[in-house]
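Both of the next two complexes hold subunit A, though its partner changes from subunit B to subunit C.
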Partner chain A sequence: MKATRRALAALLLPAPVFAQARPRVVVVGGGFGGATAARSLHRAGIATTLVEASATYTACPFSNAVIAGLRGMAAQRFGYDALRAEGITVVHQRATGVDATARRVTLVDGTTLPFDRALLSPGIEIRFDGLPGYDEAAAEVMPHAWQAGPQTELLAAQLRDMPDGGTVVMVVPPNPYRCPPGPYERASLIAHFLKSRKPRSKLLVLDAKDVFSKQRLFEAAWASLYPDTLEYVPLAMGGRVTEVDPKSRRVTTDFGTQDGAVVNVIPPQRAGAIAQLAGVADRSGWCPVDPASFESRLVPGVHVIGDAIIAGAMPKSAFAANAQARVAAAAMVALLAGRAVQAPKLLNTCYSLVAPEYGISVAGVYQPANGLLTDVSGAGGTSPLEAPAGVRAAEARYAEDWFATITADVFG
Partner chain B sequence: MARVLINVPRSAKRGDIITIRTLIQHTMETGYRPNAQGEVVPRDIIRRFTCSYDGAVIFSAELSPAIAANPFLSFTTVATRSGTVTMTWEGDNGFAQTETRPIEVT
Partner chain C sequence: MRAFALALLMAAPAFAAEEAPPGASTCLGCHSPVRADAAIPPLRGRDAAAVAAAMREFREGTRPATLMDRLARGFTEEESQAIAAWIVR
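== the complex of A and B ==
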């Protein structure tokens, strides 16, 4: 008994007491952010445990191509064998709590994992209280497909099975949400699908905003590729959707109603469930963090990265989560060693396909300023507005190469 | 003519509370913003909105430079009798626009 207690006490004591003990970090969430962070921490000599409920990760980037029938779902799936082979402990369970005072993560089976610092990469969860009429049951009729997986396949199947001549309605939320240009890439690829497979059908995009990422590039592409297929209705034209009815597949705006053969509702979102449970999300539903260390402003010792955070100018993207994971891991290593955190510069690039062989991109560089990540002025930019087809085709290839590179880096 | 969106119920029961919504496309230039040449862009806003129904003003609003472009207004009233809902926007540079919608009250 005494020996057991002594062993337990040793486990619970802070790491610096034992000069030889490796610091322990628990990473919750095995997406682009969490898996990258786990690798970076492990390679820096930290005893790293990755907690991820699912044994298979389904990637969101390129899932719009799956929806439009241009790509198979298998290409979106990744496993954790490579991380395990490297020596990272991977636990496929749902985390149910993070206790920053006792410094342990609780899993759904009751196991606790002690840590010196924790890193959460919670991703998003859909706010089923955010749009009247849109609940879990409605999502089975009007899929959001904003978390890749069964929802992606459901929307793809609905589009495949709809009659030629039917109207597809897309509902786009106000900021902030995962993947700012994502809805417009999806609109482009659905329009491409309709134009080539259901030529009498139309796509109506109802947006709660007037301005969006890569807007001039998207609008120029829509005017040239899909003038008779895609109709875009911004906020100023009454595009804000106030209610949906899954029974009739009807959406209501401030000024009218629209029925769809297929309705894709991208609803409001917030940080993934573990962020709410850990207390790192504020009233907005998102997580305020220090922009240099990604340590939570609400719960010291717990770092948060990826789509879940309030990142200022930096968008919610897989690329950004990957970049933030490296910076956060380096900061955690420094803090665990009692060293100061370096001021980082972070990079993001988002590619969007507006058709097969037609890619556009936006890039940005970010640094901490006034407590948030802000644009480094003069860095980054978008694809040129006027460009020959060869440039667009090359960007589509760069997008494929980027996906191959980042998924190899994170999961390969 | 500015583009206007209006939502007035086509019909209502007497005594019902009805919601009226309008959105007018207008830049609502504040008068404080410099242009690319550094000159202040002159103010150009809608200053007043009025809605009449059944012969009486039921809602009016004074708009200011702090109000965003494309002002959206939503308000309620009680359906009293069949007639016309008249909406008027007035503003800088002689801006004036009137729109009407019928409503049938049973």
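== the complex of A and C ==
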């Protein structure tokens, strides 16, 4: 039976449709984008190598619940065994270069991996030159927790250990950055933590913007759930932080200074390091791509997806990276087979928790127009401003369900 | 068994998975083809006409929704039918 099944599997593997030998694609970055792309390419008959420095992936979605003590860190961790078992070559090394002319990726140990096309899913890196006073050492005192892992656990521990009666300060950056509604979900869940565990404490959110994702929904929820805990200061009210001092855990705004018992600084970001090394990032630090094929506008033959790209209306989210991975993989298969790339449509859905059992969402449908991904008019939008508790509970349940589905899809 | 394999092969030419109609593959971000215990309904194995009808009702606002109404409005009837035919396989 096993042999039969294997024979059947062999039969079902994609037939050779490529004129020459089996094309090779190297995928760099094993997050929601890269791991999805590797699976899609492999399943389409491409010889696929996934390069990812870390043997364990730590997911950002739901990491705000870890920070607020609502969830264990183990639920955020995923490995690559299933990808390997499927036949994908997974290399746990850092990529140090992408040579699009010679068509090879170089790894930190000097190994080179040849490719016909490459796909980068670099995620973000923190710009330690982006906010005066905020360097790598400062991040150990004032964690960003914007890349899930030790930083998430550090911020969770600081909140857990802080004495009641203190002020937590959150510093929120200008656009663009990973996960547009993320800071506001985090503010909500930290406020929930303080209200239920350290009720004499306050949360001060200092924002470099006046307008943000799901704003009316967040602000309505804050007014009803956390009126005595959470204070939000937008740009117009002096919310922009211009400097931080880790020694005194002090932040400076246009209007004054503020000390925090815990300070969470979400700093400016740019595309992950390999994007800069490969030359696919422009002067903004992000990567311009063709919105149908996700091929770099700067380096032909190299495709880029996920948080690292300039995607127009499509946000930097795990859902978007997963969606872009599928579309980019299909485009790469078409290009490698000498076929035209079809005009795609892509979905995005982002859930946020403002409290346990209280979820809200934003959704969108996107298509290429004027060289970017743009909203399909009439579609998308946020959860209704007025809704019964049952709808909020359903969206919280769907948020959990989405996470279970996407992580099973990507890593399971 | 062999007949089954042959039928599958004929029904699903190589690259079928990558020839998803516009929008379809990104539905899998939420609608799992593999999880049995999912709260968001899996669509594999459903009747394509019923899925297309649900998309139409979401689009027209006649079917209760938390989110699918917002997504379904991004697709025409023709696109919805193509997605439905693909996603039930």
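Convention: the second predicted complex is superposed on the first by the 392 of 412 C-alpha atoms of A that agree within 3 Å, B and C clash if a C-alpha of one lies under 4 Å from a C-alpha of the other, contacts with A are read in each partner's own complex, and residues count from 1 in each chain.
The rule we apply is simple: contacts are C-beta pairs under 8 Å (C-beta built on N, C-alpha and C of every residue); 3 or more make two chains touch, one makes a residue touch a chain.
Predicted model only: the values in this text are computed from it and were never measured.
Chemist: Superposed on subunit A, are subunit B and subunit C clashing or fitting side by side?
Modeler: fit
Chemist: Going by the contact rule set out at the top, does A:397 touch subunit B (first), subunit C (second), both, or neither?
Modeler: A:397 contacts subunit C only, not subunit B.
Chemist: Which partner chains sit in contact with A:330 here, subunit B, subunit C, both or neither? Use first/second/both/neither.
Modeler: In the superposed model, A:330 contacts subunit C only, not subunit B.
Chemist: A:138 in the overlay: touching subunit B, subunit C, both, or neither? Say first, second, both or neither.
Modeler: neither
Chemist: Which chain makes contact with more of the residues of subunit A, subunit B or else subunit C?
Modeler: Residues of subunit A touched, subunit B against subunit C: more for C.
Chemist: Please indicate which partner A:205 is in contact with in the superposed arrangement: first for subunit B, second for subunit C, both, or neither.
Modeler: neither
Chemist: If you stack the two complexes on chain A, which partner ends up touching A:236: first (subunit B), second (subunit C), both, or neither?
Modeler: Touch partner of A:236: subunit B, not subunit C.
Chemist: Which of the two partners, first being subunit B and second being subunit C, lies in contact with A:26: first, second, both, or neither?
Modeler: Neither partner.
Chemist: On the combined arrangement from the superposition, state the nearest Cα-Cα distance between subunit B and subunit C in Å.
Modeler: In the combined three-chain model, subunit B comes within 23 Å of subunit C at the C-alpha level.
Chemist: What residues on subunit A does subunit C touch that subunit B touches too?
Modeler: Common interface on subunit A, subunit B vs subunit C: nothing in common.
Chemist: For the complex, give me every residue of subunit A touching subunit C.
Modeler: Answer in residue numbers: 4, 8, 11-12, 14-15, 17, 40, 43-45, 319, 322-323, 326-327, 329-330, 333-334, 337, 342-347, 349, 361, 363-365, 367, 376, 378-381, 383, 391, 394-395, 397-398, 400-402, 404-406, 408-409, 412.
Chemist: Which bits of subunit A are touching subunit B when the two form their complex?
Modeler: Subunit A reaches subunit B through residues 210, 235-238, 254-256.
Chemist: Where on subunit C does subunit A make contact in their complex?
Modeler: Against subunit A, subunit C makes touches at 1, 5, 8-9, 12-15, 17-20, 22-23, 25-32, 34-35, 38-40, 66-67, 70-75, 79.
Chemist: Inside the complex, what are the residues of subunit B that reach subunit A?
Modeler: So the residues of subunit B touching subunit A come out as 3, 5-7, 21, 23, 25, 69-70, 72, 74.
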